[in-house]
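Two complexes, one shared chain (subunit A), two partners (subunit B, subunit C).
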Partner chain A sequence: MTASVVVTGLGVAAPNGLGEQDFWNATLAGKSGIGPLTHFDASGYPARLAGEISDFTAEGQLPSRLMPQTDRVTRLSLVVADWALADAGVRPAELPEFSMGVSTASSAGGFAFSQQELKNLWSKGSQYVSAYQSFAWFYAVNTGQISIRNGMKGPSGVVVTDQAGGLDAVAQARRQIRKGTSLVVAGAVDALLCSWGWVGLHTSGRLSTAEEPTRAYLPFDDRAVGHVAGEGGALLIMESGDSARARGAEVYGEIAGYAATFDGREPGLRKAVELALADAGVTAADVDVVFADAAAEPELDRVEAEAIVEVFGPHGVPVTAPKTMTGRLYAGGAALDLATAFLALREDTIPPTVHTEPAERYGLDLVVSQPRAARLRTALVLARGHGGFNSAMVVRS
Partner chain B sequence: MSRTFTLDDLKRILLEGSGAPEGTGLEGDIIDTDFADIGYDSLALLETASRVEREYGIELDETVVGEASTPRALLDAVSAHLLDQAA
Partner chain C sequence: MTARRVVITGVEVIAPGGVGARKFWELLTEGRTATRGITFFDPSPFRSRVAAEVDFDPYVHGLTPQEVRRMDRAAQFAVVAARGAVADSGLALDALDPYRIGVTVGTAVGSTMSLDEDYRMVSDDGRLDLVDHTRADPHFYNYFVPSSFAAEVARTVGAQGPSSVVSAGCTSGLDSVGYAAELIREGTADVVVAGATDAPISPITLACFDAIKATTPRNDEPERASRPFDGTRNGFVLGEGAAVFVLEELESARRRGARVYAEIAGYATRSNAYHMTGLRADGAEMAEAITVALDEARMHPTDIDYINAHGSGTKQNDRHETAAFKRSLGDHAYRTPVSSIKSMVGHSLGAIGSIEIAASILAIQNNVVPPTANLHTPDPECDLDYVPLTARDQLIDAVLTVGSGFGGFQSAMVLAQPERSAA
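Take a look at the complex of A and B:
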């Protein structure tokens, strides 16, 4: 029997709410954070809507020394990590530094920072490029800065698997805890809403070019035309069940099962679900709610709906996609879904999928419009990354 | 015409390029304090050297950043370059 790994703290930054409580209230109220892009002039691009975090300022929350060396995504990550640690009642300075690690996922690293420095390089010359560009752009930068700020020198790393990364990073943290690390800050925050990032996102061919925020991101709907991109994510404080109990920590729940697969001739999502359930030692009947990947691209929606129906039966389990209120946050999105799942378990409430009218042919019991009260003990979170990544995680209260 | 590089210039460039350190920071008598003790690491000094080079139109030896561990040492190194430039 392997030791349980539990979550004792959450930090959340989402387009519809900053901080765990704001986000949860907004999510239950069906408040959407999707609107016209304001971070830069997007009028010349096919897609012009996004889920932006509009009320975040790092000044006053982070030391001055960090400002010239950090992209927005790193500032968000550092503040969200602070919130998660505070939520867990953990003061890292009081703990042995090699007993704590950081495991994040990233889809783009520090894009706006890099854009500025590349602009300096091309327009002024190499001597105008910031020395901090050497790491500020890098995928691992959030892990590194969280590690430095909090004195966490234990096993740390970064996973880059698009949306699936939000779960993969948490799975990696679970491995490290099972190998003896006491505490890991795990999850993902992504933020690449600058013009350079925007061009990159368009290459996927999956961005919705709809103009109306309530009609732009409609997973499992016949009107689905791709997704809206957003920024934000969540970080979780993970500990072994024993050490959480020993310090009397409040526990949100357990990371009970996980599996990752890769698409081959057949899509691998169903296999990921089955393996994650087996890893958790539960059957389909034990799962009370599924947080869907919700690509909002007809073929991908079909694949996901089929996987869910094959495992749980038609209308066999409540399914939700609260990311319809935030847009897809890439790796940050899966981590946010995980945090949302723990909040749902705590409150015995399934948050809604807004705007969508599910097509009957998918056979899903999609929780739309309003939250649904239900006795929740076990949740399944699904995430797919561009290029064939599938991850599934089972969490239990 | 020769330009001078003063402690105030150095402080301004440090703040612009690398932010203000925690604690007493750049206040007080820091001219002989190690940069590390003031709160600036080697990357901050690299960024500072790069900004000094841009602003003063000089090229510092690569060894300067490694060897100038205090504000006084860096001021001296830059002043020597400015003198060379003027000569």
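Take a look at the complex of A and C:
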């Protein structure tokens, strides 16, 4: 029997709410964070809407010496980690250093930092490149900086599987806890909204170029034309059930099951769901809500709907995609869905999918427009990464 | 239930000095160096102008024009090495359940070369603040997200199990294989194609390492530029390459009569929680990783026959590491040969951890300790047996290989002859 791994703290930064409470209130109210891009002048690009975090300032929350050496994604990550630790009631300085670790995912690193230093290199010369470029952009930066800020010397790492990474990093944290680490800060934040990052996101071929925020990101809808990109994510404080109990921590719930697959001769999502349910020791009938990946691309929507219907039956389980209010946050999005699932379990409320009118042919019971009250004990969170990555995670209150 | 044990049954290496595990091992055991003046572009604006480049023609190694176009050089390395490792293992992957085959690819800096080139195109050499999307390479998303490396390898080997990129700076190559071993041990996968790749020799990488004086300015003697543990060392030499392995569960490998290179007997990673690039002199966190890896392998320090060091050739690294060996292994550190192959193949960032695993398992196979090249002048603070200049014949049952990376990551892995390691 493997010991349980529980979540005791959440930190959230989303386009429709900074901090767990603001985010949850906005999500229940159906408040969208999608609007015209303002971080840079996007008028010349095909897609011009995004889910931006508009009210975040790192100044005052982080030491000024960190500013020149960090990309926006790292500042967000450090602050979100602080919030998650505070939410869990954990003061890292009081815990044994080697008993704490960090496990994050990243999609493309600190991209705006890289763009600035490449500009310095090519427009001015190599001697103008920041000394911090050697680490400020790379994929491991958020894990490294969180471990330093909080004195965490236990096993730490980074997984990169595009959007599936937000779940894969949490699964890796669960492995570390099962092997004896007491506490892991796990999840993902992504922030790629600079002009070069925007070009990168365009080349996925999946960005919606719709002009109207309410019509731009419509998963499982006949009008689906791709997704809106956003920034943000969530970090979770994960602990062994025993150590959470020992310190009398309030527990959101348990990471009960997980599996990851890769697409091959057939899409692997259904297999990931089946394996995750088996890992959790539950059947489809035990699942009270599914947080969908919700690509809003017709073929990908079809594959996901088929996987859900094959496992749960037509209209067999409530499905939701609150990311319609934030845009897709890449690795951060899967971690945010996980945090949202824990909030939903706590409040016995399924947050809505906004703006979508679900196409009947998908056979989904999509929770649209309004939150739905329901007795929730078990949730399934799905995430897919560009290129064929599928991850599924079962969480339980 | 007995714990599942994980062994390496296939290997392929793409390293400076020649493509293929055989050429790699010849270079190491002959003590030759593959460092040279940079040829990929004009390095004259840079402080450090030496690197360990791979002479690699993707078409010679079976990649199609379409594959070459959509993959960064680092992805090409990974795919070619993955195919080679699977062929070397003799394993018929298509006869297995694809959902029981996983993939892990380590990389520190992803598609750096393609990103650097693409940036120049879309920004008109840095003139445009708002870059021009119409000039972007159609395959840019593959460079933008390093996860494309794992996707390419999974597709090429037909894996449908858990597949991911593992990135922890310069320990990525160890962490990727450690992560893969855990997938087999916990029962999630039966086979994992695991390794690491990086191709960072581009202007932006040179510029950022120049800025912190991490790379050596010894430009007038490129072949002698990488000097780990030498008193005159003054920085590392940037390298590139890949190594990929086939990892299997021991019993199934035995059942099919596979050649077993080594068992992944123990692995651990720890963080120094101190500085993104700096190291504390005492090596405490690397020592902790070593101790935990030995515990996992159920071995004592005295079981270690050879230490494959990180040995980057920076002043602080080599002292830090020497301290970590003494702290974790005690007196046995003084009796154990320690060497750094970075003296010969340079430091390929996220790839080197896997390339060093390859060196370690070949050392076990051949009972030869590869030397540390260019080590002529002792450093009083580095006072272990670093096997200077010449390879050494010696029975080797167990190797400790370590890595240290930006971000504070410290990783250690114990590789052993499965018959002779503790069951």
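Here is the rule we use: the second predicted complex is superposed on the first by the 397 of 397 C-alpha atoms of A that agree within 3 Å, B and C clash if a C-alpha of one lies under 4 Å from a C-alpha of the other, contacts with A are read in each partner's own complex, and residues count from 1 in each chain.
The working rule: a contact is a pair of C-beta atoms (placed from the backbone, for glycine too) under 8 Å apart; a residue touches a chain by one contact, two chains touch by 3 or more.
None of these values were measured; they are calculated from a predicted model.
For A:Gly35, decide between first (touching subunit B), second (touching subunit C), both and neither.
neither
Once the shared chain is lined up, is A:Pro298 touching subunit B (first), subunit C (second), both, or neither of them?
Neither partner.
Let me test your reading of the model: by the given contact rule, A:Ser123 touches which partner, first (subunit B), second (subunit C), both or neither?
Once the two structures are laid over each other on A, A:Ser123 reaches subunit C alone.
According to the contact criterion defined above, which of subunit B and subunit C contacts more residues of subunit A?
If we count touched residues of subunit A for both partners, the winner is C.
Touch check for A:Gly241: first (subunit B), second (subunit C), both, or neither?
A:Gly241: touches no partner chain.
By the touch definition at the top of the document, which applies to A:Ser64: first (subunit B), second (subunit C), both, or neither?
It touches subunit B, and subunit C stays clear.
State whether A:Gly154 touches subunit B only (first), subunit C only (second), both chains, or neither.
A:Gly154 contacts subunit C only, not subunit B.
A:Arg175 in the overlay: touching subunit B, subunit C, both, or neither? Say first, second, both or neither.
A:Arg175: touches subunit C, not subunit B.
So which bits of subunit A does subunit B touch that subunit C touches too?
69, 127, 130-131, 134
Which subunit A residues qualify as touching subunit C in the complex?
Spelled out, the residues of subunit A in touch with subunit C are 40-41, 44-46, 69, 97-98, 101-102, 106-109, 111, 114-115, 117-127, 129-131, 133-135, 138-141, 143-145, 147-148, 150-162, 165, 168, 172, 175, 195-205, 259-265, 268, 271, 275, 385-389.
Using the touch rule from the top, collect the residues of subunit B that touch subunit A in their complex.
Residues in contact with subunit A: 16-22, 39, 43-44, 46-47, 50, 53-54.
Can you tell me which positions in subunit C touch subunit A when the two form their complex?
45-46, 98-99, 103, 107-110, 115-116, 119-120, 122-123, 125-127, 129-133, 136-141, 144-148, 150-151, 154-155, 158-169, 172, 175, 179, 182, 186, 188, 203-204, 206-212, 214, 268-277, 285, 288, 405-409
So in the complex, the part of subunit A that touches subunit B is made up of which residues?
63-69, 127-128, 130-132, 134
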